[in-house]
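Okay, handing you the structure first.
Chain naming follows the written order as A, B, C and D, and within any one chain the residues start at number 1.
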Amino acid sequence: MIMQRAVKPEQTTDIFAIGGTKLNSRLFTGTGKFSSHEIVPKVIEASGTQVVTMALRRVDWKNSQENILNYIPEGIILLPNTSGARTAEEAIRIARLAKAAGCGHWIKIEVIQDQRYLLPDNQETLIATEQLVKEGFVVLPYMCPDLGTARRLQSVGAAAVMPLGAPIGSNRGLQTRELIRILIEEISVPIIVDAGIGRPSEAAEAMEMGAAAVLVNTAIATAYQPVDMAKAFRLAVEAGRTAYLAGLGARRQEAEASSPLTGFLREE
Amino acid sequence: MIMQRAVKPEQTTDIFAIGGTKLNSRLFTGTGKFSSHEIVPKVIEASGTQVVTMALRRVDWKNSQENILNYIPEGIILLPNTSGARTAEEAIRIARLAKAAGCGHWIKIEVIQDQRYLLPDNQETLIATEQLVKEGFVVLPYMCPDLGTARRLQSVGAAAVMPLGAPIGSNRGLQTRELIRILIEEISVPIIVDAGIGRPSEAAEAMEMGAAAVLVNTAIATAYQPVDMAKAFRLAVEAGRTAYLAGLGARRQEAEASSPLTGFLREE
Amino acid sequence: MIMQRAVKPEQTTDIFAIGGTKLNSRLFTGTGKFSSHEIVPKVIEASGTQVVTMALRRVDWKNSQENILNYIPEGIILLPNTSGARTAEEAIRIARLAKAAGCGHWIKIEVIQDQRYLLPDNQETLIATEQLVKEGFVVLPYMCPDLGTARRLQSVGAAAVMPLGAPIGSNRGLQTRELIRILIEEISVPIIVDAGIGRPSEAAEAMEMGAAAVLVNTAIATAYQPVDMAKAFRLAVEAGRTAYLAGLGARRQEAEASSPLTGFLREE
Amino acid sequence: MIMQRAVKPEQTTDIFAIGGTKLNSRLFTGTGKFSSHEIVPKVIEASGTQVVTMALRRVDWKNSQENILNYIPEGIILLPNTSGARTAEEAIRIARLAKAAGCGHWIKIEVIQDQRYLLPDNQETLIATEQLVKEGFVVLPYMCPDLGTARRLQSVGAAAVMPLGAPIGSNRGLQTRELIRILIEEISVPIIVDAGIGRPSEAAEAMEMGAAAVLVNTAIATAYQPVDMAKAFRLAVEAGRTAYLAGLGARRQEAEASSPLTGFLREE
């Protein structure tokens, strides 16, 4: 019996690297909005993440109990972000401070001028990215999904491109699905969907579409049980990635029987 | 810092039983459409399923190599379905044959009169369910999501109700999402989403909504790598269930910062 | 220049009849939820409707000021509904009362047992439809979209079938789009989408799909300016119907230039 | 009886002006992809449009039969576009040629580098817009919906901002709905949704959201009956605009009866 099967997916090995560092986990997490710092290491462990983002401003250097860095387990890659920056210049300054403070040389560029939807400013983001790449940072820019900007970010050396699915903290999912799909097709550096993902099913969908990874913070932090939700996201990301590699079947307008439908009793 | 969190989910323990049998896996699978029988046991293992459906007609009793039952590992609960039946009477007859043939006393009712979309006939399904419950079967009726029918199926003793997400084999996902959501709220027996689920993300979404389980066949069988896809669905179902129990956060119209946004450099 | 165009639509003349009565307007309206009776005739006029539904119970026979019938312009076809009925028997009794009271012989069957989502009960609806057709009524049953039930309603003589798009009064649109699409394809009596339509764009979409008509009440009654909203729905229904007859173009995954894209200046 | 009604919409008069010119029609159309030039004036008339876009390159100056300008009725505002341009410089050059050729001083900027999805390049578009505004053009830039770019286009003097709903010619509708919604909220110049709209219902939805106008070309040109489809879009745009001004009712999770539901017969 011959049957229409899924097309062989293009990518059949599963290499994922950012700035030369190989990563096993495709779920990035954050440290914002949790009810207490104490829960953060448990969430990180349950999520299986290897990369954790945090706002540099939240790092309280004088008070070790309040210093979020003390709650991030060893071996985790720090991805300080430039939240609070409204211009490329401010973002660059924050990035340098982060590096000087020992947060490593990875930086997530966030330049936000819009206070209601907190949408990233693509133009300032591009300027900051170009400069910080030159200074040796591994730069991951958060951006509004737009192919032209993504191409330029790639060409100035961004290590990945992080388009938003929906406004930060909205838990509204992949509202920009169509534009992200195009970025995944057209851009060669990893596409990491950042912001908006509110449910594990949405993280799985992003991965099925071929995203390299997702960053999830609010959806975990505002769950009733954040540690369990972190685990749920870990499973979902793995599910979506596995499905992408396994080759999803085609959608059909009509039905197609899984089982024979006619003649069962009539044939006898 | 006070922050709006998810509401505590109603259900906090994770009991799932069909007809008195406790199940650990919430993913049911099928045996149709695979390229060969040999792959079936590997798919079942990768999926972690405990319940497998198959069309009685596919059971070739005289030829053990062709007999699908010989490919189902021991310990798996058989859920023969009545595919091919066009009336309650035919479904009842197939159910009795299945039991007599040693397929156990679980039965999935499929009564289909429509040859294009293969939609179940709710009225005949109800008649067959009532009769077979009286005969001691554990009855799982496949149905078009409709609250009145679901209530009646429940009241005549259905062990679960299996609404479709989209036409069989279409891989089109939860097209009937809104009606399924209402069934989950209003019906007390387990709701098992059957038919239409084409991607792990869709299975995860059904579980996040509070479905008790999902049945997936075509999406696994028509994947490029069915065994890997079975694993992807296993992970997705676990992800969705874990998220449901962990309490999903609320969706918001606007944005909400994960990180502090103002005054970073200006405050200094 | 040859270009892929839309397929010729099946139906190219625009005949629409219910129970032998020819109708020009494909927008049915209702009388519930308005702030006052006085606005009703203005809404009816702005909507261009020829068929108006109202709950028999709202007809206050003793008080002409409160009697909604006094606010319905002459020439409008009354479509009393059986709201309040929980069984076929009650619906039949209300239908007979309506006829005896001079409301004509059209009847919209509403049998509702569910108090939260107000979903129609398909089984009782079928019983009432069959009986009232025999008694000479023009019967329009409100139902949960389910192909088997729709076929039976048609075969017992329903003049049209009225599937819901979403729960009554929810303004949530065509949540059951996929099932309605199948009814339109498979059923020959007119499909009138009833309940859930909250915006003119949703009414237009139903008409583009090939629905024969839509019934809109809440979306008009709860608008800030109900008379203007009635006009908006009239235009939208006409737009959707016109588009259906004009033959919609195909959707494409990629882009296709409207204007020449290459070589403009380079060719010179 | 008190009932929750729609909130009063902000805008209650209906002023619409581009570059100081008052317009009654909110439907812009184009001249590409039609089977013949002869149909163009009929489409324009049926659409009620006052603004028509065309690619300058399609203007065949030497052959009056082939010159699309000869098929555009008098009184229509020409909106030549810069299709074919890959940089700001090329767009500027095309705009100047259009003006010199007597096509007026309105210009739609299209700068496209991506050949597969034909997505506009926001950065080059901004440069061209700034320059052409300085030269006295009424500039309408086609853009990928991104709030930062839209703000800059506004601040350099764009007469309107034209975000895409989906790739040109795809007929896929408002895939970027969420981003367009934000532009409408945050930007004061008119938002004109351009590209992707494939059905009148989608045009109506854009108008309900508060878009100032829509531009439709492919969906009309590739319809089976383009003239009728032009009329359908005219009605839909008017429907959507009327609904926006009339104040849409709120959506509800549960049902709300249009008619009284309980006690009808039981009360007697």
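In this text, a contact is a pair of C-beta atoms (placed from the backbone, for glycine too) under 8 Å apart; a residue touches a chain by one contact, two chains touch by 3 or more.
In this text, all values refer to a predicted model and were calculated from it rather than measured experimentally.
Taken together, subunit A and subunit D share no touching chain. When the CA atoms of subunit C are superposed on subunit D, the rotation angle comes to 180 degrees, reported as a multiple of 5.
At the far end from subunit B, in terms of centres built from Cα atoms, lies D. Centroids built from CA atoms put subunit B at 30 Å from subunit A. Remark: subunit A and subunit C have CA centroids separated by 44 Å (rounded to whole angstrom).
Of all residues in subunit A, those touching 2 or more other chains are 116-117, 119, 167, 172, listed in ascending order.
Contact between chains, as defined at the top, is found for A-B, A-D, B-C, C-D. Only residues 113-114, 116-117, 119-124, 144, 146-149, 151-152, 166-167, 172, 175-179, 182, 185-186 of subunit B touch subunit C when the two sit together in their complex.
By the touch criterion stated above, subunit A contacts subunit B in their complex at residues 1, 3-9, 30, 32-33, 35, 54-58, 81, 83-85, 90, 93-94, 110, 112, 115-119, 167-172, 198-202, 204-205, 208, 217-219, 221-226, 228-229, 231-236, 238-240, 242-243, 245-265.
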